[in-house]
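Following this message is one structure expressed as structure tokens.
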């Protein structure tokens, strides 16, 4: 059954396995006239790229190739296919996995569904987080289109294991987290996160984390009654990320413990506009964006691949055994997961912005093309390392 | 833009406003040969019906009419349209709402999106929880189809405001909560919930709550890589419910605080079958159902309509004012929300069970029709009041 | 499997059987602010209504009820459900059909697919042309929306059996055919058609016919590469009509016999605009509308229900037998089929006009609402009987 | 807007321009366990390959690369991406086209829709028939899956310009036409077609043609009421092919001239089965396949690119001018169009066979995998040159 496509008007279809020739994506619905370069895509990819500190040692250049839909540096209105070749692949590391499904991994469910003989076990196959390259590549296009309404998306790691952000952060802080090796939005937090990661690496263990995504300047009225509410489509997109086990927006789960008189947000007039005083609803009310910042959070479970021995079953004998997952893995998937969560939010918002006529479906005017380009440059520049960060 | 349809093979399209002539649903994709009566639908509707203790006083009989797709008591394979007329409607209660958008409600976002002049403000219009009648009606069909794999769905209120379930519950306890006026699964909890509700009613306030849904005998392998993961489609369906602000399954948000060695679940052999020891992943791993019980939770915010005065803005003058929401409202939407959450899980599972060939798409055999009927009767009987409950 | 929905942005879902309680339709994606009355819908329904001369004697008032999506005479942006009750139903006429599938009818294929025991044989069940009421009802909304670009759709019967239109006709002639009892666009043709019909009625036989639909003022650029070409979506919509066996546009099948130098159309400049000289491509080139009138034709087979005895098989004995189809049937489905073909073209064009941003997806401005209303009135008035026609 | 995807369960998404780096396709919904090799795909591609006699001189090896979804020679259940690189590209031939839109081509409509500056004019860009490589590649998978029900699809050219097939042909004759350079199913016809082609080449002209596709062993009951009728989905798929201007099945347009007593087909019993005597309805009745051979025809207009000078307009000056289309073009697109029409029928049937549970959606059993492989070999062998054909 199909299931690798997302979006109605801005539509993304991904393909590819961890150790196959390439991963890729077809992006349908991009209006003609958008400036689009390999560098735009690579900019976003750089924030989920492996091979850096504190993340998997797999060395992928992650260089995107645009196969279609772009001519003379601009989109033509036809499907944009992008592929990223898999180069640093060591399938031999996975031989043991073949018979010993890894706890916390998709190995055994895939075998149960598709059959042992049809399972591409190398590097997790289709279930590998490598697949998210396709999503992030597509999100560069989504983010550019959202520049039309000056909408900017940024995410950071709000907590890692037991360590939680305790101070307030600005949107600029969050943007800066892109250059933090642990996706922290404050220098002090960064140090604590790094400490945790180092310790986990020594122990052959990993940590879960909670990411937060904030959206500035969301157009008003995104989302459709009743099933395609914005919160519903965001929840689906976020939960489609491997390792995510929970989603909330605004007050989130805390609302479940509150009284109506506490949780309801006052409607006020500010600068002549109808606004909400505390943004308790995280920018989405009645399933529609209300113009306040969108604020959502999601929980990533700890990386399932750990060096510590874990109990599993040998599929050849049905005997219990242990596995110690070697290979090159993130000590906390949440770190690179932030970029993926950002990507999913971008894809959903671009789709809904088209559905609500904020982004044209056929072609951009020259003015729109240029406006996007200017704002994109400003955005790229505004993503810079924190003061004092490496 | 369309947005009132859900599902690929089992497809539900709802329509209707709170104070319009009727609410209704078209269910496409039901195979021919299913026994289906008005009573089957009314059975499920009875658990979200207003007019009972502790819920809104609106007196709706909620009698479903089947307009198509059923002949001689059996489905014909064509779309099944069901309508429920709105009878106990007092639109005059909403005159004030017209100019004073209610905090926490969809009023203002709908006005912002569709225009003040096009807004059906009566009873919340399309944004009213009344719309969920359509979902619950459709879920009766979904639940019957799921009987083919003996899959049963049950929900209860795990916490209401500050009061939380503290003891273990069996699946039977959860089934019994259907007859609890506060959807509690234990007698002791029921009393505490009732206390809270009474107090809120006195204060003109309301409470949030957290519902939990459990699924027995889920077929293995439901869900599609990579966007239509089962957890993703469940998250969307649950977040599409009015007032829901968060979703999690299995360890959920707790996983974000844990180590890999804690959160990974051991794979074991039990009765000759590959199983997971603790079901930490709530029945879904790698986005696919793994045969363990599906366990998910969602947070309902407190009812937004409260008698206590709240600050808002008068749209005619842009002056700040207050509103005290009269009308007949639930003191905690979470109570009736449980039935709706159950319904959404049923709809998603029926769809995915069809996608994975567990439910035929064209017609049921005679044996299948009868098997469903037997199991449905058993299910109806197994939903009975708790010992000592009213 | 679902299959009763059409359209991406303007989305129509129909339901209902010939002898069930009602037929109906849910129209999703209509922007808020459109004036919409029962009379608008009834206007279009009147041209496919039974109970008139030369068509089936079934006496249906075909009165539409709007159940949702309209408030105070204007659309609200939410799904519009419309039902038409079935009132003049004589199911007893169909007892014989139960065991003797009618040649040319869907009876036997439905039995083969859904099972004999699940087959609603009364009046053809879901396969009845009665289902097309839903389409025509929805098309009134589509046609109103298309007024934004002043796009008008009109159809006529180009040939009935062996009698073919031999003179040129104007768009006004075609509009007038709506009031012709045999859907002829010329008085002389009307007489010949009536002669044929009378003769067929005497003989207990029926005739096939070829309808032509013409569209004025189609917006430029409708259609999407590569599968959702405008010609492709029109073909699907037209072939979804019962009894249609062929579709062509522009030169159509004649192009298959021609040379490139004959079939290619010259590009010219006319009134400062790029145009095509002869509109050989029927308004669609490269799958996209090119601004010329859309011209398409479709072939309706003769009504399958005829009084003349035909050979079939008795399903109880598998013996060959004959059937003489009594009941109230059109002597030529093509006559009322023209209204249905018009409806399908309207639905497809409204959908594509939204896809290409000609019709807003969220709400109409006040000016747009009024413009539509003015043009709609003009359109209604321009549909008037031919000079000298009854 | 998206528009490059087709199918619900067997879903094909194509991308790529004529002179871009590659054309390609993502095929979603293929069950795990299907044997699939590059050779399988190349087999089908060979029948639409350019560079042979009587077709375009563009020399493309058309070698498919499988990027995903296949492991160890078998499908894994995940999306299958296939690309074919564009190698023999001479964009300079198209410089004139840039300012002089070619009559009969998509040039001007694309410019009108997407903007002159965004138009990839090289080789027709996305509108080029080169895009159909993707469809034929995907169809190899569809055809293999259809082997489960022993369903075989074959097409031939029924007429070219004025020359029409006048004798009866067997299904074997039609299969043999694959190796005919003019896609004729009879030796005598082949000679006449060749004569026409040679003459057109001399004159710098081209011919239209009519293709016929026949399907053996179609499963019963494919198609869904009411919009996704099999005839409707076939019509859409066929009309989505560049240059196709008409579609009909069974009696087709002839039915529009007939009486009911002539056009209705007798139901008979043959070998204990319910059958139709003359297959007037071309295997589809009530929109559902009825077990008889599917027979459909479509009209291809003549190749629009001809050497003969044609009138057009220079876009720089809006002056009328002429163009003589150089480049390497088919003298009759209908010849290679037959392979594309076959492909589209295969894609639609595979999709509907999945929808009706004839093909599993998740995985094939070992027996099914092997059965397909055996039948596929038999099919490949049964496609062989006519006696005496070159």
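Going by the order they are written in, the chains are A, B, C and D; count residues from 1 in each one.
Definition applied: contacts are C-beta pairs under 8 Å (C-beta built on N, C-alpha and C of every residue); 3 or more make two chains touch, one makes a residue touch a chain.
Chain identities (UniProt): A, B, C, D = Chorismate synthase.
Source: prediction; values computed, not measured.
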item	value
Taking each chain's C-alpha mean as its centre, the one farthest from chain C	A
Whole-Å separation of chain centres (CA-atom averages), chain A against chain C	46
Between chain B and chain C, centroid-to-centroid distance (C-alpha), Å	39
Chain centre separation in whole Å, for chain B relative to chain A (CA means)	28
Chain D, residues touching no fewer than two other chains	1-5, 8, 14, 78, 113-114, 126, 221, 225, 355-356, 361-362
Category of the chain touch graph - line, ring, star, complete, other	complete
Complex contacts: residues of chain C adjacent to chain D	1-6, 8, 14, 101, 103-110, 112-114, 126-127, 131, 159, 161-162, 200, 205-210, 220-221, 223-229, 231-240, 242, 244-269, 272, 274, 277, 281-282, 285-291, 299-306, 308, 310-313, 318-320, 334, 355-356
In the complex with chain B, residue positions of chain C that touch it	1-5, 8-9, 11, 13-17, 20-24, 26, 28-29, 32-33, 65-69, 71, 74-81, 83, 113-115, 117-120, 122, 125-126, 361-363
Sites on chain B touched by chain D in the complex	8, 78, 221, 225, 355-357, 360-362
